[in-house]
Structures are given as structure tokens and as C-alpha cells.
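In the two assemblies presented below, chain A is common to both, partnered first by chain B and then by chain C.
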Partner chain A sequence: MSEIKCLIAGLPSSGKSTYIGALWYNLRNLKSVIDMELIDSPENLPENIIHLNGLSDNWIRIKKIDRTNSNAADNVQLNLVHKGSNEIIRLNVPDFLGETFQSIIDLQNDKKLQLWCQDSESLLYMMNEISPGQFEDDNHHDSDEINDEVHTMPDLQSKDMTPATQNIMILKYLLSQKAFKKVVIALTWWDEATQNGKTIVDPEHHLQSTSPALYNFIKYHIPSAKIVGISGQGRKYIEVDGKNPELEKAFIDEMAKMTKEGKRAFVGIGNQISYDLSLPIHLLI
Partner chain B sequence: MEQNKIDLIQTDSPKTQSSAGVNAESFLSSQKEGSSSRFYCDALYDYSINNVIGSLVPHLITLVGFSEIGKSTFVSSMYHELMINGCIGEYQFIDSDTFAGFERRAYVRNAKISPERRLARTTNQEGYFLTMEFIKGHEQKKLIISDRSGETYQKVYTSDLNAVKKDVALINSPHIIFFIDVSSLMNDTEFLSFKDSFGLLLTRMQQADVFVNRKTLDILFNQSDKLVTDKQKKIFEENAVTIKQMIKEHGNISQEFNIISNRMVDNEGLNNVFKYMVSSCDAFNEDVVENVDWVSSFLKD
Partner chain C sequence: MRIEQYLHGYYKGHGLLASSASVVPSEDSTLMSILSDWTGYHAKEADECGYLTAYPLSEGKLYAIAKSWYASEMARPGCVWTHTMVINLEELDNNFDFRQLEKYFKRPQNLDFSQYRETLEVEFDEHASSESLFFEFDETTLLFLYTSLLSNNNIGLNILIEKRQELYQQLCFMYMQYLPLHILRKRSFSTGAESSRKLGYSEFSMQFVTAGRYILFSASPWKEKLTPEDFNVGLRLFWMKKKNI
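== the complex of A and B ==
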């Protein structure tokens, strides 16, 4: 069995845990739509699946996964076989908090992340926000009108930086730590960019047109990187708080149906949409 | 600063960053007491700029000007242009060692033009070297912009010759752009005060041998939209002639620009300066001679 160590990285809310939870569920329950199969014989079952089960349970119940206050990385190990090649892979993935990656910008490096980075052969980098930012005077002329009221300005925080810059800096750091053999760049929340998968959007073209400098950085430094879209949730969740019970029930029922049929979470590659969530992993092998 | 230069001379370990990265550990260790770098890829100082110089000969443009005249606003506008378009002309923007330095300037810029004015400007504690890497065709280019605080030029350099003499980058810079706020020239009282300070700065620069090495000198008048009345325009034109004459005593003026640095939309003048600065990487790469190669001078100093 070959072992692939893969680092899944991305800022907070980039969808890392949602993807892992959805993948874990689909591997076990939707074998017909997935090209990789979990080897779930007793001797190959991952030693600790509490974290994986927790993630997939939230995913099934359409609950947002908020790990902000949880402890640091939870390691995930998946033993997989590729149906086409019969290649058996042990996939080791640390599920780091997005804050761990954010803190790279603040020069607060996590030793565990650094070690994982140096030990990983491949990188799945997830981004939900890629905007290059906007200036108030991008679209109108009256920006130089200044109010006389003077305040002391709060210090710049890393989260105040544009998403494109934050992602470039984190990628820059990760690439400085390791020359990864394979890199997949995943644009997450892909349901929003594609109207829940109904509109065909090429992820690479989307990145290039939405955030040209971020695209340039990736193409220059990692020309072989594959750029895909991932919708882990399947679509944007509505607030389930009992205020609109009919709407909430209809939404939950529809999501459950999609989950059951294997048509909820999806991956965009080129001009194709696939419900095989293992595709990004396959691209890393 | 002097201690930092000594550190620079003594540093002979190989560079640790890969082609795409600034090593965070070496970056952290290069932070000195009193510096305000809080971020990965923050703006750089004399002692840290050498850590990011690779095999490319960069082109250094030094922005010289007093406080509150829009140097950092200009720089952040240039960065924003690159982020939203990915290029300036034929030059594809591919990397920087100082992303956070640009973001810091953009943050200050946007706070200044937001509905409530805030006290915000580049201080003399902050890093001042900002880098941009481009690809044109198959050629890679690196541009370094020195964006020191206006306070340094206005208060420190006009009064302390030794401080200017220690600014090796300024002395060896092949390219200086003098930033001048139009409002300093459209009113005679303001002009007299500005002329006095600017004259002192030029004298200090001359005494520090800044003009000994061959340099391209440009002049940029910022906030040209402030010139509204005919009277203002007339006074500005007269005073601008005087300022240009003061600079010409130290070298020919290559280019003159009139811009509005805090307006992104419909601003051809600003875009022309961006194009000029980026394309100057080409012109100077062909023309680098050892005594104006500021990187070599840093390393040998």
C-alpha cells in the first residue's frame, strides 16, 4: 500500500472540514458515484473515526461546521483503492483549523503545520473568497471628499487584507516550505458560482477573471496545479431556527433527497460537474 | 541603522527562501527592535531587503517627498491596479516579497478617503522597500520601490546630513521620483515654506553625494485636481518652474507627471505613471553599471 500524505489547507470558512465530512460520507454510502473506494475491512478501518463521523454527521444534518473554538489539527486517515487502477492508497490528512493558516500571515507559525507541510507530498488548497479587493474610488470620482472628523485608526489586522492577498501569502509560505509533487487549487462554495451546479463555469477561467493576480501567482509558481471547484455543502444552507417551518422542512427534505441520490456535493472540473468528491484526491495522486 | 548595516555585512549564510517564498523564520529573525513588521511579507528595511534579492537585478525607484503628499496612496493604487487586472501593459504581475506592505498602505489609503478621516500615514518606523515581480514575454523583471515616510525626508533628512549619508539605497538609487503636492505650489505663502524645506532637502542630498551617480530624475505633481481657478493655475505654473529649476541644478528632469493618486476610475494620467515605472525595469536592466547597482553596493558596503 502506498501512502500519500496530503495537506489540506485554506483560510477559515474555506470549506476544508465540510469537504472531508462530505467525502467520508460519500465514500461509505455512495460507492456508485465515486471512483475511489474506502477499504473498510476491519483491519483497514482508520483507527480513529470519531472526528470523521462528527464531520459527516454535521454534513448529513445540514449543520454548519464551526471549529473555531476546537483544538488544533485532527488527523484523518483514509485507506482507499482506486477502482480503475486498483492502486491502494493510505491518505493521511491533517484537518487543521483555518486559523492556523491565517496565523501564518501574523508570523505565528504552528510547528505542527510546518512539520506536516515538510512531510506532505501533495497539497489541496481551498479558497472560498478570492476577491482582489475594492477601493471606494474604483467606480466614482468623489473619493477625495474628506470629513473633518478625525479618529485614530485601528491597526491593520491580517483579516483586513484582501482575500486574494491572504491566499497568495499562505500559498507563498507553503511553497517555501515544500516543493509539493502535486497541487490542486479548489475554489469552494462552488454552488454559489454555478447557481447550484446549474450553470457551467470553468474554475480556472473563473479564477483568472475574478482574481487575475492570484491566478498569475499560481500559474507562475505552480504551473502544473489543477484548478477545480468544490461545493461541499451542495448549496447555501438556510437558517434552520423554526421561524419558517414550512420552508425549512422543504429545504431539509430536498437536501436529504439530494444526499441520498448522491447529487448534493459536487466538483467542477473544466466545463464538467461531477458528484464524485474523490476527484480532487485522485488528482493529487 | 548603523548596527543593521553591520549585520548586513556579516551575513554570509545562504538565502533560505525558495523561489516562491519568504522564509518566515528568517524573516522573523530579521525583525529588529523598533521595527513595526508584524506580518509575513511586510515592507522591508535596509537590513532585510537583501534577503529577497535573488539572481534578478532589480530596478529601484526611490520616491522622495514630504509628509501627506500621497506617496503611499500612489503605491497602494499601483498595487490595487495590479491585483484587479493582473498586469500593467505587457507586464504580468506574478509575485511580491511585500504583499502585506502593500496591504498596509491600501488600508491607510482607504481609511483616509472613507467618510470619517482617520489619523493614518506611513510612519518612519515602518518598512519602506516594496517589491513587485513581473513577467514580460519570457523575461522576469523585478521592481523595487522605496517608499520612506515623508517625515523622514521632511524632518530628519533636511536637518541631519548623517542620516542622508546612511541612506545607501538613496545614494545609489538609479531613479528618483520627486513627489510634490500641487497645493504647496498654488499658494505663495505655502510655496515659500515648501521651497525652503525642499531646497534644504536637495542640499542635503547633494552633500551626501546622492547626485554623484548617474540618475534618472522625474517630477510628479500630485492632486492636480486641486487646481481649479485660473489664478491657482497661474501661481502653480510659476512656482513649478522654480522647483524644476532647483532640481535641474542637480540633473536633468527626465519626465514630468501631473496626477491624482487617489482616484482609480478614468485616470489615464495615473495609469501612464504606472506603465512608465514598470517599463523602466527594461530600460535600466540594459544599462546597469556597477557604481549605480545599489544591490551590489549594499552587499559590498
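== the complex of A and C ==
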């Protein structure tokens, strides 16, 4: 059995836990659409299963997954076999808080993250926002139009940096910690970029055209990195609060049908859409 | 007495939203950021009293007391507001009463954070009473917990939440009030978590949880084995006096 230690990293809200929850559900219930299979193992520790079940329960109920709380089990271990090659893989994935990665920007390095980085062979880096941001000059203000309010400088917060800058800084840190053998860059919330998977969009071209600096950084520093799209939720959830019962019922029924058929969460690779959520993991082997 | 305030909550990730202090040591701000985040605790009933976290900062020179409320109004599930007051233990006088801090905790309203940018001025004329806790918890339990907190070998107690959240908060405030300062500098409390919380690499001195490893007050290991008479007579007399203060 080969053991692959994989770091899943990304800013808060980038979809790390949603992906893990959806993958766990698909591994257990949708064996026909997924190229990897779970092996029953006593090494799947109970705490891990409770944590994984918690994530997948919310996913199946079409409920937004709670933010990973500071007490959640942070190490998820999956023992998998690849159906094609029969290769057995023990995948160790930490479900770190997004804030742990965000704090890197503020030079507050987490020792646990540092150790995990040094111990990992591969990196799955998830990004939901890649915008290069807007600058004052972009608005073409004439100098006399700029009022005092615009010139009042707010407190500098790293959270207000553009998403592209934040991601570059975090990637730069992670790459400085370890020369990962394999890296997969996942553009998450991929349902939004592809009209729920109806429009074909190549994730690499999307990144290149939307955020050229981030794309160039990745291509220069990790030329072998694969760029994929992931929609863990399958589509944007609507508010289910009983205010619009017909619409809500129709939405839930459709999502339930897609879940049952294994056509909800999906991965975009090149010009293809696949419902096999283990594909990004396979790319890390 | 002047107390610095901090408000943590969710804005593109959990972090500091407002503070009255201009400079905070990096280690303190990292710890506050972690411990102000959600613990996974869901109140059994919709209550507004949140949960309490108290812990030393700056190697025990300062003491942080924080109240967290689940932020159900946020779009993302699992967010909290946490109002932290940081007390300089070097400046405590005899009138200071931890139990009266409760009234200064404020849950943010309408995204107005201005009040947290002002240093809090607190003044206590008289001490509060903890008498009501003696009706809620038996004397042996109160003495056992106090002895455990006093002990140099304190390894942390995880206790299942069986009663109203506010009672555990009052209990923690009472122990903060009655622990000698040199002991308090090393003690930490948490009244609401899904499972055991850590303070860095250590356990909290006393914490209340809803799952995981815990002891139950209703069936505690000391219930049949100890009576108040088993505790040091000086401690019992001290405790009897506190009962009425």
C-alpha cells in the first residue's frame, strides 16, 4: 500500500470541507461513478468517520456545511483502491481551517500546518475567488472628482487584499515549505463559472483570462500543476425557509435526483465535465 | 479600572473586527483569534447567553474573558461573534469582582462595532453573591472542583453540559473570583464546546462539553466517595464564608 499524504489548502470558504464531504458520500454510495473505492479498514478511526459523516450529512441534506470549527477532527484518513490499477492508497488529508492559511499572510505561521506541509507529497490547492481586484485608477477618476471619503485610508487588513494576491502569497509560502511532487489547483464553485455544468469552460483558460498574474505565478513556479474546476455543492443553494415552498420543493427534488444519479457534484478537466470526484485525488498520485 | 475590548467575528474568514487596543503582542492576538472562533457548541435551546471562554495572555500578566454568541444572521453556518475583555491582573484591586463582568458583555447589533473601539471603564462598589450556585451544585462538587483548580497537578476537567448554560458561566466567574491570583494566571475555563478544547497544547483547566470524553456532575466519580468533611478544614471554612458573600 502506498501512502499519500496530501495537503488540501485554501482560503476560508474555498470549499475544502464541502469537497471532502461530497467525496466521502460518493465513495460510500456512488461506487459506479467513481474510479476509486473505499477499503474497509480499522484504521479509519471513529473520530474521522464522525467528522466525515457530519460533512456528508449536511451535503446530502443540501445544507451549507458549517465552517470547520476549531475543535473538529483535523485529520481525515481514507484508504482507497484505484479500480483500474488496483493500487491501494492511504490518503491522509487534514481538514484545516481556512483561517489557518489566511494567517500565513499575516506571518502567523501555524506549527501544525508547517509540519503537515513538510510531511506531504502532494498539494490540492482550492480557490473560489481569483479576481485580480480593482484599483482606484481603474475607475478613471479625474483628480477634482475624488472626494475626501475616497482618500480616507481604512485600516490595512490582509483580508482586503485582492483574492489573487492572497492566493499568490499563500501558494508562495506553501511552495517554500515543500517541493511537492504533485500539485493540483482547483477552481471551486465551478457550477457558477459553468452555469451548473451546462457550459463547457476550460479551467486553465478561465484562470488565465480572469486572473493573469495568478495564472502566470502558477505556471512559472509549478509548471506541472494541473488546473481543474470543482463544484462540491453541484450548484448554488437557495434559501430553504418555507417562504417559497414550490420553488424550494422543486429545487430539493432536483438536487435529490441529481445526488441519487451521481450527477450533482462535478469536476471540470480541460473541456470535460466528470462526476467522478476522486479525479483530483487521482491526479495527485 | 480600564479594560481593553476586542470583537472577533466573520469577515472573509474569522478574525478581529474591532478593538480598543492599539498594539497587541502577536502571540496574544493569534491565541485570541483561535479561541474566539466557534467551538462547535450549539445551545440546547435558543438562548442569548452564548458561552464563556477565559484564559491567560502575555504569560499570565493579562487575562482574557470572552463571550461568544452563535451568529445565525450570517450567511455562512458556523460563525460566531466573540466579545473579549482583557484584564490586566497587575491592576486588580480588592473591589474587583469577576462575577460582575457579565453585564458588560455585548453582542453586536446591526454591524455597529463602534462600542468595541473604546476602552471600557468599570467600577464595582460592592461584591456580587454566588449563593444561588450552592442550590444548583452540591457542596462536595464545588469543593472538589475548587481543590482541583488549586492543585499544581491540574490536568483539566471535562464536564458534560447537563444544566442551563448560564449556571456554568456563573460557576466559572465564581472560581475566577476565589482563586488566588498566582493560580488564576495559569487557569483557563470554557463553558461551551462540542468536544475538548485545547489552549495551545494544553487542556483547559475546566471545560463544559456536549460530547467526547467527559464526567457527569449527576454521576461524578467523587459522588459516593467524598463528603465535604473529607476536604481540608480550612478550605471548608473558607468555602462556607464564600457561600454567604
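Going forward, the second predicted complex is superposed on the first by the 259 of 285 C-alpha atoms of A that agree within 3 Å, B and C clash if a C-alpha of one lies under 4 Å from a C-alpha of the other, contacts with A are read in each partner's own complex, and residues count from 1 in each chain.
What we mean here is this: contacts are C-beta pairs under 8 Å (C-beta built on N, C-alpha and C of every residue); 3 or more make two chains touch, one makes a residue touch a chain.
Just so it is clear, the model here is predicted, and its values are computed rather than measured.
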item: Touched partner set for A:Ser32, first chain B, second chain C, both or neither; value: neither
item: Which superposed partner A:Ser224 touches (first chain B, second chain C, both, neither); value: neither
item: Which of chain B and chain C A:Pro132 touches, first, second, both or neither; value: first
item: Broader residue contact with chain A after superposition on the shared chain, chain B or chain C; value: B
item: Partner chain in contact with A:Leu11 - chain B first, chain C second, else both or neither; value: second
item: Contacts of A:Thr165 with chain B and chain C, given as first, second, both or neither; value: first
item: First, second, both or neither for A:Leu175, with chain B first and chain C second; value: first
item: Chain B versus chain C as contact partner of A:Pro212, first or second or both or neither; value: first
item: Common interface residues of chain A - those touching chain B in one complex and chain C in the other; value: 160
item: Footprint of chain A on chain B - complex, ascending; value: 17-25, 27-28, 37-41, 77, 80, 82-87, 92-95, 99-100, 102-104, 106-120, 135, 223, 225, 260, 262-266
item: Contact set on chain C toward chain A in their complex; value: 10-15, 26, 29-30, 33-35, 37-40, 76-79, 193-197
item: Parts of chain A lying in touch with chain B, wherever the complex brings them together; value: 104-107, 109, 132-133, 135-141, 143-144, 146-153, 155-156, 158, 160-162, 164-165, 168-169, 171-173, 175-177, 179, 208, 211-213, 215-217, 220-221
item: Sites on chain A touched by chain C in the complex; value: 11-13, 63-72, 97-99, 102-103, 108, 159-160
